[in-house]
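Here you go, one structure.
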Amino acid sequence: MSADDRLKELGLTLPEVPTPVATYVSFKQVGDMIYLSGQGPKRADGTYPTGKVGADVTIEQAYEHAKQTGLGLLAAMKKAAGSLDKVEIVKLLGMVNAAPDFSDHPKVINGCSDLFVAVLGDRGRHARSAVGMGSLPNRMTVEIEVIVKVHP
Amino acid sequence: MSADDRLKELGLTLPEVPTPVATYVSFKQVGDMIYLSGQGPKRADGTYPTGKVGADVTIEQAYEHAKQTGLGLLAAMKKAAGSLDKVEIVKLLGMVNAAPDFSDHPKVINGCSDLFVAVLGDRGRHARSAVGMGSLPNRMTVEIEVIVKVHP
Amino acid sequence: MSADDRLKELGLTLPEVPTPVATYVSFKQVGDMIYLSGQGPKRADGTYPTGKVGADVTIEQAYEHAKQTGLGLLAAMKKAAGSLDKVEIVKLLGMVNAAPDFSDHPKVINGCSDLFVAVLGDRGRHARSAVGMGSLPNRMTVEIEVIVKVHP
(Lines give C-alpha, C1' and ligand atoms only; values in the text may rest on other atoms or scores of the structure.)
Protein backbone atom coordinates (compact mmCIF):
# COMPACT_ATOMS: atom_id res chain seq x y z
CA MET A 1 0.00 0.00 0.00
CA SER A 2 1.34 3.44 -0.83
CA ALA A 3 1.96 6.02 1.90
CA ASP A 4 -0.80 8.17 0.40
CA ASP A 5 -3.23 5.22 0.67
CA ARG A 6 -2.20 4.66 4.29
CA LEU A 7 -2.87 8.31 5.07
CA LYS A 8 -6.32 7.97 3.52
CA GLU A 9 -6.98 4.77 5.47
CA LEU A 10 -6.01 6.59 8.66
CA GLY A 11 -8.41 9.40 7.77
CA LEU A 12 -5.56 11.92 7.65
CA THR A 13 -4.99 14.80 5.25
CA LEU A 14 -1.69 16.58 4.65
CA PRO A 15 -1.75 20.35 5.20
CA GLU A 16 -0.22 22.90 2.86
CA VAL A 17 3.54 23.26 3.22
CA PRO A 18 4.03 26.46 5.23
CA THR A 19 5.86 29.26 3.48
CA PRO A 20 8.73 30.50 5.67
CA VAL A 21 8.44 34.21 6.37
CA ALA A 22 12.16 34.94 6.29
CA THR A 23 15.45 34.15 4.58
CA TYR A 24 15.16 30.44 5.13
CA VAL A 25 13.42 27.59 3.35
CA SER A 26 11.06 24.74 4.34
CA PHE A 27 13.59 22.09 3.33
CA LYS A 28 17.04 21.79 1.83
CA GLN A 29 18.34 18.78 -0.10
CA VAL A 30 22.02 17.81 -0.29
CA GLY A 31 22.72 14.60 -2.18
CA ASP A 32 20.08 12.12 -1.06
CA MET A 33 19.49 13.81 2.29
CA ILE A 34 16.77 16.37 3.00
CA TYR A 35 16.94 18.66 6.02
CA LEU A 36 13.50 19.96 7.02
CA SER A 37 13.00 23.20 8.91
CA GLY A 38 11.37 22.89 12.32
CA GLN A 39 7.57 22.94 12.29
CA GLY A 40 4.85 23.24 14.90
CA PRO A 41 1.22 22.07 15.17
CA LYS A 42 -0.21 24.68 12.80
CA ARG A 43 -3.99 24.69 12.54
CA ALA A 44 -5.85 25.18 9.26
CA ASP A 45 -6.53 28.80 10.29
CA GLY A 46 -2.81 29.48 10.78
CA THR A 47 -2.90 29.58 14.59
CA TYR A 48 -1.06 27.23 16.98
CA PRO A 49 -2.04 25.54 20.25
CA THR A 50 -0.05 27.34 22.95
CA GLY A 51 1.08 26.78 26.53
CA LYS A 52 3.48 24.78 28.67
CA VAL A 53 3.09 21.00 28.47
CA GLY A 54 2.80 19.62 32.00
CA ALA A 55 1.20 22.84 33.27
CA ASP A 56 -1.37 24.27 30.80
CA VAL A 57 -1.42 21.33 28.37
CA THR A 58 -1.77 17.58 29.03
CA ILE A 59 0.42 14.83 27.58
CA GLU A 60 -2.57 13.56 25.59
CA GLN A 61 -3.20 17.00 24.06
CA ALA A 62 0.47 17.47 23.27
CA TYR A 63 0.62 13.98 21.66
CA GLU A 64 -2.04 15.19 19.22
CA HIS A 65 -0.02 18.38 18.61
CA ALA A 66 3.06 16.30 17.80
CA LYS A 67 0.95 14.21 15.40
CA GLN A 68 -0.35 17.39 13.71
CA THR A 69 3.24 18.61 13.43
CA GLY A 70 4.16 15.28 11.84
CA LEU A 71 1.50 15.80 9.16
CA GLY A 72 3.10 19.13 8.28
CA LEU A 73 6.51 17.48 8.11
CA LEU A 74 5.14 14.70 5.86
CA ALA A 75 3.69 17.38 3.59
CA ALA A 76 7.10 19.07 3.32
CA MET A 77 8.83 15.73 2.65
CA LYS A 78 6.34 14.87 -0.07
CA LYS A 79 6.90 18.23 -1.72
CA ALA A 80 10.68 17.81 -1.46
CA ALA A 81 10.90 14.19 -2.63
CA GLY A 82 7.94 14.06 -5.01
CA SER A 83 6.42 11.04 -3.25
CA LEU A 84 6.25 9.79 0.33
CA ASP A 85 7.08 6.31 -0.94
CA LYS A 86 10.65 7.49 -1.58
CA VAL A 87 11.40 8.89 1.88
CA GLU A 88 13.02 7.28 4.91
CA ILE A 89 13.09 9.07 8.26
CA VAL A 90 16.65 9.26 9.61
CA LYS A 91 16.70 11.58 12.62
CA LEU A 92 14.10 13.56 14.54
CA LEU A 93 14.59 16.30 17.11
CA GLY A 94 11.40 16.65 19.13
CA MET A 95 11.22 19.85 21.16
CA VAL A 96 8.51 20.25 23.80
CA ASN A 97 7.58 23.64 25.31
CA ALA A 98 7.34 22.14 28.78
CA ALA A 99 7.12 23.12 32.44
CA PRO A 100 10.58 22.99 34.14
CA ASP A 101 9.75 19.75 36.01
CA PHE A 102 8.10 17.95 33.08
CA SER A 103 9.47 14.45 32.52
CA ASP A 104 7.39 12.75 29.81
CA HIS A 105 8.75 14.32 26.61
CA PRO A 106 8.99 10.94 24.85
CA LYS A 107 5.24 10.33 25.33
CA VAL A 108 4.55 13.66 23.62
CA ILE A 109 6.89 13.21 20.66
CA ASN A 110 5.52 9.69 20.11
CA GLY A 111 2.61 11.49 18.43
CA CYS A 112 4.94 12.26 15.53
CA SER A 113 7.03 9.07 15.66
CA ASP A 114 3.94 6.84 15.71
CA LEU A 115 2.49 8.72 12.73
CA PHE A 116 5.68 8.28 10.70
CA VAL A 117 5.67 4.50 11.28
CA ALA A 118 1.91 4.24 10.63
CA VAL A 119 2.30 6.02 7.28
CA LEU A 120 5.78 4.94 6.14
CA GLY A 121 6.14 1.50 7.78
CA ASP A 122 9.70 0.45 8.63
CA ARG A 123 11.08 3.42 6.68
CA GLY A 124 9.39 5.58 9.29
CA ARG A 125 11.63 4.30 12.13
CA HIS A 126 14.26 6.84 13.15
CA ALA A 127 16.86 7.92 15.67
CA ARG A 128 15.55 10.73 17.83
CA SER A 129 15.84 12.97 20.87
CA ALA A 130 12.75 14.26 22.71
CA VAL A 131 13.63 17.19 24.96
CA GLY A 132 12.23 20.22 26.79
CA MET A 133 12.72 23.78 25.56
CA GLY A 134 12.55 26.95 27.65
CA SER A 135 10.23 28.54 25.08
CA LEU A 136 9.08 28.13 21.47
CA PRO A 137 8.00 30.50 18.67
CA ASN A 138 4.35 31.62 18.94
CA ARG A 139 4.35 29.96 22.39
CA MET A 140 3.42 26.77 20.54
CA THR A 141 3.54 23.50 22.45
CA VAL A 142 5.90 21.47 20.26
CA GLU A 143 8.36 21.95 17.42
CA ILE A 144 9.95 19.11 15.48
CA GLU A 145 12.73 19.04 12.89
CA VAL A 146 13.67 16.02 10.81
CA ILE A 147 16.38 14.68 8.53
CA VAL A 148 15.21 12.26 5.83
CA LYS A 149 16.83 10.16 3.15
CA VAL A 150 15.41 10.00 -0.36
CA HIS A 151 15.43 6.68 -2.20
CA PRO A 152 15.49 6.59 -6.03
CA MET B 1 30.91 39.63 -6.65
CA SER B 2 32.83 37.42 -4.22
CA ALA B 3 31.53 36.83 -0.70
CA ASP B 4 34.56 38.69 0.66
CA ASP B 5 33.66 41.70 -1.52
CA ARG B 6 30.07 41.56 -0.28
CA LEU B 7 31.28 41.56 3.30
CA LYS B 8 33.41 44.63 2.54
CA GLU B 9 30.48 46.35 0.82
CA LEU B 10 28.35 45.66 3.91
CA GLY B 11 31.07 47.16 6.09
CA LEU B 12 31.53 43.87 7.95
CA THR B 13 34.71 42.22 9.18
CA LEU B 14 35.10 38.56 10.11
CA PRO B 15 36.39 37.91 13.62
CA GLU B 16 39.10 35.42 14.53
CA VAL B 17 37.90 31.83 14.67
CA PRO B 18 37.54 31.06 18.38
CA THR B 19 39.76 28.34 19.77
CA PRO B 20 37.70 25.77 21.67
CA VAL B 21 38.88 25.37 25.24
CA ALA B 22 38.22 21.65 25.49
CA THR B 23 38.38 18.33 23.66
CA TYR B 24 36.30 19.54 20.76
CA VAL B 25 36.98 21.48 17.58
CA SER B 26 35.49 24.55 15.82
CA PHE B 27 34.41 22.52 12.82
CA LYS B 28 34.56 18.97 11.50
CA GLN B 29 34.44 17.99 7.83
CA VAL B 30 33.13 14.65 6.57
CA GLY B 31 33.03 14.30 2.79
CA ASP B 32 31.68 17.59 1.45
CA MET B 33 29.79 18.45 4.63
CA ILE B 34 31.16 20.65 7.43
CA TYR B 35 29.62 20.58 10.91
CA LEU B 36 30.34 23.80 12.83
CA SER B 37 30.40 23.96 16.61
CA GLY B 38 27.85 26.26 18.19
CA GLN B 39 28.97 29.88 18.56
CA GLY B 40 27.67 32.93 20.36
CA PRO B 41 27.94 36.72 19.83
CA LYS B 42 31.53 37.03 21.01
CA ARG B 43 32.83 40.59 21.24
CA ALA B 44 36.35 41.59 20.21
CA ASP B 45 37.34 41.66 23.90
CA GLY B 46 36.17 38.05 24.38
CA THR B 47 33.03 38.90 26.38
CA TYR B 48 29.42 38.14 25.39
CA PRO B 49 26.17 40.09 25.67
CA THR B 50 24.16 38.35 28.39
CA GLY B 51 20.57 38.10 29.58
CA LYS B 52 17.17 36.68 28.71
CA VAL B 53 15.72 37.85 25.40
CA GLY B 54 12.19 39.13 26.00
CA ALA B 55 13.06 40.20 29.55
CA ASP B 56 16.53 41.86 29.77
CA VAL B 57 17.22 42.06 26.05
CA THR B 58 15.05 43.34 23.18
CA ILE B 59 14.37 41.57 19.88
CA GLU B 60 16.32 44.29 18.07
CA GLN B 61 19.36 43.84 20.31
CA ALA B 62 19.22 40.06 19.99
CA TYR B 63 18.92 40.36 16.19
CA GLU B 64 22.28 42.13 16.25
CA HIS B 65 23.69 39.39 18.49
CA ALA B 66 22.55 36.74 16.01
CA LYS B 67 24.20 38.73 13.21
CA GLN B 68 27.45 38.94 15.22
CA THR B 69 27.23 35.19 15.80
CA GLY B 70 26.78 34.72 12.05
CA LEU B 71 30.03 36.58 11.40
CA GLY B 72 31.85 34.17 13.69
CA LEU B 73 30.28 31.23 11.86
CA LEU B 74 31.28 32.68 8.47
CA ALA B 75 34.84 33.03 9.78
CA ALA B 76 34.88 29.35 10.79
CA MET B 77 33.40 28.30 7.41
CA LYS B 78 36.02 30.32 5.56
CA LYS B 79 38.79 28.71 7.56
CA ALA B 80 37.31 25.26 6.99
CA ALA B 81 36.55 25.59 3.25
CA GLY B 82 39.35 27.94 2.22
CA SER B 83 36.91 30.43 0.64
CA LEU B 84 33.37 31.59 1.38
CA ASP B 85 32.59 31.29 -2.33
CA LYS B 86 32.66 27.50 -1.96
CA VAL B 87 30.17 27.18 0.92
CA GLU B 88 26.43 26.59 0.89
CA ILE B 89 24.42 26.81 4.12
CA VAL B 90 22.36 23.64 4.64
CA LYS B 91 20.88 23.70 8.13
CA LEU B 92 20.91 26.13 11.03
CA LEU B 93 19.85 25.60 14.64
CA GLY B 94 19.22 28.98 16.23
CA MET B 95 19.04 28.86 20.02
CA VAL B 96 17.76 31.88 21.93
CA ASN B 97 18.31 32.34 25.68
CA ALA B 98 14.78 33.60 26.15
CA ALA B 99 12.20 34.33 28.83
CA PRO B 100 9.74 31.41 29.27
CA ASP B 101 6.89 33.28 27.50
CA PHE B 102 9.02 34.65 24.62
CA SER B 103 7.49 33.99 21.21
CA ASP B 104 9.58 35.80 18.58
CA HIS B 105 12.60 33.53 18.21
CA PRO B 106 12.48 33.66 14.39
CA LYS B 107 12.84 37.48 14.45
CA VAL B 108 16.01 37.08 16.52
CA ILE B 109 17.63 34.34 14.45
CA ASN B 110 16.86 36.29 11.26
CA GLY B 111 19.93 38.35 12.24
CA CYS B 112 22.07 35.36 11.24
CA SER B 113 19.91 34.08 8.36
CA ASP B 114 19.71 37.54 6.74
CA LEU B 115 23.49 37.92 7.01
CA PHE B 116 24.10 34.56 5.32
CA VAL B 117 21.88 35.50 2.37
CA ALA B 118 23.37 39.01 2.16
CA VAL B 119 26.90 37.57 1.98
CA LEU B 120 26.36 34.26 0.15
CA GLY B 121 23.30 34.99 -2.00
CA ASP B 122 21.10 31.99 -2.82
CA ARG B 123 23.71 29.64 -1.36
CA GLY B 124 22.99 31.31 1.96
CA ARG B 125 19.38 30.03 2.08
CA HIS B 126 18.94 27.17 4.53
CA ALA B 127 16.58 24.95 6.49
CA ARG B 128 16.42 26.02 10.11
CA SER B 129 14.80 25.88 13.53
CA ALA B 130 14.72 28.91 15.83
CA VAL B 131 13.92 27.91 19.41
CA GLY B 132 14.18 28.94 23.05
CA MET B 133 16.72 27.47 25.47
CA GLY B 134 16.47 27.34 29.24
CA SER B 135 20.01 28.69 29.55
CA LEU B 136 23.20 29.14 27.50
CA PRO B 137 26.94 29.11 28.23
CA ASN B 138 28.26 32.41 29.66
CA ARG B 139 24.59 33.48 29.97
CA MET B 140 24.95 34.67 26.36
CA THR B 141 21.81 35.67 24.50
CA VAL B 142 22.04 33.40 21.44
CA GLU B 143 23.95 30.37 20.22
CA ILE B 144 23.84 29.08 16.66
CA GLU B 145 25.19 25.92 15.05
CA VAL B 146 25.31 25.27 11.33
CA ILE B 147 25.83 22.49 8.79
CA VAL B 148 27.33 23.60 5.46
CA LYS B 149 28.16 21.95 2.16
CA VAL B 150 31.46 22.64 0.39
CA HIS B 151 31.47 22.98 -3.39
CA PRO B 152 34.62 22.15 -5.39
CA MET C 1 45.94 0.11 21.32
CA SER C 2 42.35 -0.73 20.48
CA ALA C 3 39.49 1.35 21.85
CA ASP C 4 38.34 -1.68 23.85
CA ASP C 5 41.81 -1.92 25.42
CA ARG C 6 41.73 1.80 26.25
CA LEU C 7 38.36 1.36 27.95
CA LYS C 8 39.82 -1.50 30.02
CA GLU C 9 42.88 0.58 30.89
CA LEU C 10 40.58 3.39 32.05
CA GLY C 11 38.66 0.90 34.19
CA LEU C 12 35.45 1.56 32.25
CA THR C 13 32.75 -0.86 31.14
CA LEU C 14 30.18 -0.25 28.44
CA PRO C 15 26.56 -0.64 29.52
CA GLU C 16 23.89 -2.50 27.60
CA VAL C 17 22.45 -0.53 24.68
CA PRO C 18 19.07 0.73 25.91
CA THR C 19 16.03 -0.56 24.07
CA PRO C 20 13.83 2.37 23.00
CA VAL C 21 10.31 2.04 24.34
CA ALA C 22 8.58 3.53 21.31
CA THR C 23 8.55 3.74 17.52
CA TYR C 24 12.13 4.87 17.29
CA VAL C 25 15.52 3.16 17.29
CA SER C 26 18.82 3.57 19.19
CA PHE C 27 20.71 4.45 16.03
CA LYS C 28 20.16 4.79 12.31
CA GLN C 29 22.84 4.39 9.64
CA VAL C 30 22.74 6.11 6.25
CA GLY C 31 25.77 5.51 4.08
CA ASP C 32 28.80 5.81 6.35
CA MET C 33 27.05 8.07 8.87
CA ILE C 34 25.31 6.86 12.03
CA TYR C 35 22.80 9.05 13.86
CA LEU C 36 22.45 8.06 17.51
CA SER C 37 19.33 8.73 19.53
CA GLY C 38 19.78 11.00 22.54
CA GLN C 39 20.80 9.21 25.74
CA GLY C 40 21.05 10.14 29.40
CA PRO C 41 23.17 8.94 32.36
CA LYS C 42 21.28 5.69 32.88
CA ARG C 43 22.37 3.71 35.95
CA ALA C 44 22.71 -0.07 35.96
CA ASP C 45 19.36 -0.28 37.79
CA GLY C 46 17.61 1.70 35.04
CA THR C 47 17.21 4.93 37.04
CA TYR C 48 18.72 8.33 36.23
CA PRO C 49 20.31 11.08 38.34
CA THR C 50 17.79 13.93 38.39
CA GLY C 51 17.68 17.66 39.11
CA LYS C 52 18.72 21.03 37.76
CA VAL C 53 22.45 21.51 37.24
CA GLY C 54 23.54 24.71 38.96
CA ALA C 55 20.80 24.36 41.59
CA ASP C 56 20.39 20.75 42.80
CA VAL C 57 23.42 19.27 41.06
CA THR C 58 27.04 20.50 40.91
CA ILE C 59 29.18 20.85 37.80
CA GLU C 60 31.42 18.03 39.06
CA GLN C 61 28.46 15.68 39.51
CA ALA C 62 27.05 16.58 36.12
CA TYR C 63 30.47 16.03 34.48
CA GLU C 64 30.28 12.43 35.74
CA HIS C 65 26.73 12.14 34.38
CA ALA C 66 27.93 13.32 30.96
CA LYS C 67 30.73 10.74 31.12
CA GLN C 68 28.23 8.00 32.00
CA THR C 69 26.07 9.14 29.08
CA GLY C 70 29.13 8.92 26.85
CA LEU C 71 29.61 5.27 27.83
CA GLY C 72 26.06 4.52 26.74
CA LEU C 73 26.69 6.29 23.44
CA LEU C 74 29.94 4.33 22.90
CA ALA C 75 27.99 1.13 23.53
CA ALA C 76 25.43 2.10 20.87
CA MET C 77 28.19 3.05 18.40
CA LYS C 78 29.96 -0.26 18.97
CA LYS C 79 26.74 -2.16 18.35
CA ALA C 80 26.06 -0.10 15.22
CA ALA C 81 29.57 -0.20 13.70
CA GLY C 82 30.73 -3.60 14.96
CA SER C 83 33.89 -2.12 16.52
CA LEU C 84 34.81 1.15 18.21
CA ASP C 85 38.01 1.21 16.16
CA LYS C 86 35.93 2.04 13.08
CA VAL C 87 34.07 5.07 14.48
CA GLU C 88 34.90 8.76 14.29
CA ILE C 89 32.84 11.29 16.29
CA VAL C 90 31.54 14.05 14.00
CA LYS C 91 29.05 16.16 15.94
CA LEU C 92 27.71 16.20 19.48
CA LEU C 93 24.72 18.05 20.91
CA GLY C 94 25.12 18.23 24.68
CA MET C 95 21.92 19.20 26.49
CA VAL C 96 22.07 20.15 30.17
CA ASN C 97 18.95 20.27 32.39
CA ALA C 98 20.14 23.48 34.02
CA ALA C 99 18.95 26.32 36.24
CA PRO C 100 17.93 29.39 34.17
CA ASP C 101 21.09 31.34 35.14
CA PHE C 102 23.54 28.44 34.70
CA SER C 103 26.55 29.35 32.56
CA ASP C 104 29.00 26.42 32.62
CA HIS C 105 27.41 23.96 30.19
CA PRO C 106 30.73 23.28 28.43
CA LYS C 107 32.33 22.11 31.70
CA VAL C 108 29.50 19.59 32.10
CA ILE C 109 29.53 18.21 28.56
CA ASN C 110 33.33 17.88 28.72
CA GLY C 111 32.58 14.70 30.69
CA CYS C 112 31.45 13.11 27.44
CA SER C 113 33.89 14.87 25.09
CA ASP C 114 36.90 13.98 27.27
CA LEU C 115 35.78 10.34 27.37
CA PHE C 116 35.48 10.14 23.59
CA VAL C 117 39.03 11.47 23.13
CA ALA C 118 40.39 9.24 25.90
CA VAL C 119 38.90 6.14 24.25
CA LEU C 120 39.06 6.99 20.53
CA GLY C 121 42.08 9.32 20.37
CA ASP C 122 42.00 11.92 17.58
CA ARG C 123 38.95 10.23 16.03
CA GLY C 124 37.13 11.23 19.20
CA ARG C 125 37.46 14.98 18.49
CA HIS C 126 34.22 16.52 17.30
CA ALA C 127 32.21 19.66 16.58
CA ARG C 128 29.71 20.31 19.33
CA SER C 129 27.22 22.57 21.07
CA ALA C 130 26.69 22.45 24.84
CA VAL C 131 23.45 24.16 25.83
CA GLY C 132 20.78 24.43 28.53
CA MET C 133 17.36 22.83 28.22
CA GLY C 134 14.19 23.85 30.04
CA SER C 135 13.55 20.23 31.03
CA LEU C 136 14.59 16.68 30.10
CA PRO C 137 12.89 13.25 30.11
CA ASN C 138 12.84 11.57 33.54
CA ARG C 139 14.11 14.90 34.94
CA MET C 140 17.58 13.56 34.13
CA THR C 141 20.50 15.99 34.34
CA VAL C 142 21.96 15.63 30.84
CA GLU C 143 21.06 14.22 27.46
CA ILE C 144 23.50 13.89 24.57
CA GLU C 145 23.02 12.95 20.92
CA VAL C 146 25.82 12.24 18.47
CA ILE C 147 26.54 11.82 14.78
CA VAL C 148 29.42 9.48 13.93
CA LYS C 149 31.20 8.38 10.78
CA VAL C 150 32.07 4.73 10.20
CA HIS C 151 35.40 3.87 8.59
CA PRO C 152 35.79 0.63 6.60
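Each chain carries a letter (A, B and C) given by its place in the written order, and its residues are counted from 1.
Following the convention adopted for this analysis, a residue touches a chain if its C-beta (ideal position, glycine included) is under 8 Å from a C-beta of that chain, and two chains touch if they have at least 3 such contacts.
The chain lineup, named per UniProt: A, B, C = RidA family protein.
No experiment lies behind these values; they were computed from the predicted model shown.
Q: Cα superposition of chain B onto chain C: how big is the rotation, rounded to the nearest 5°?
A: Best-fit rotation on C-alpha atoms: 120 degrees.
Q: Looking at where chain A touches chain B, is over half of the residue numbers used by both copies, so same, or under half, so different?
A: different
Q: Taking the mean of the C-alpha atoms as each chain's centre, how many Å separate chain A from chain B?
A: Taking the mean C-alpha position of each chain, the two centres sit 25 Å apart.
Q: Could you pull out the residues of chain A that touch at least 2 other chains?
A: If we look for residues of chain A contacting two or more partner chains, we find 93, 97, 100, 132-135.
Q: Where on chain C does chain B make contact in their complex?
A: 33, 54, 88, 90-93, 96-106, 110, 113-114, 116-117, 124-135, 147, 149
Q: Show me the residue ranges of chain C that touch chain A in the complex, using the header's touch definition.
A: Listed in rising order, the residues are 21-28, 30, 35-38, 52, 93, 95, 97, 100, 132-139, 143, 145.
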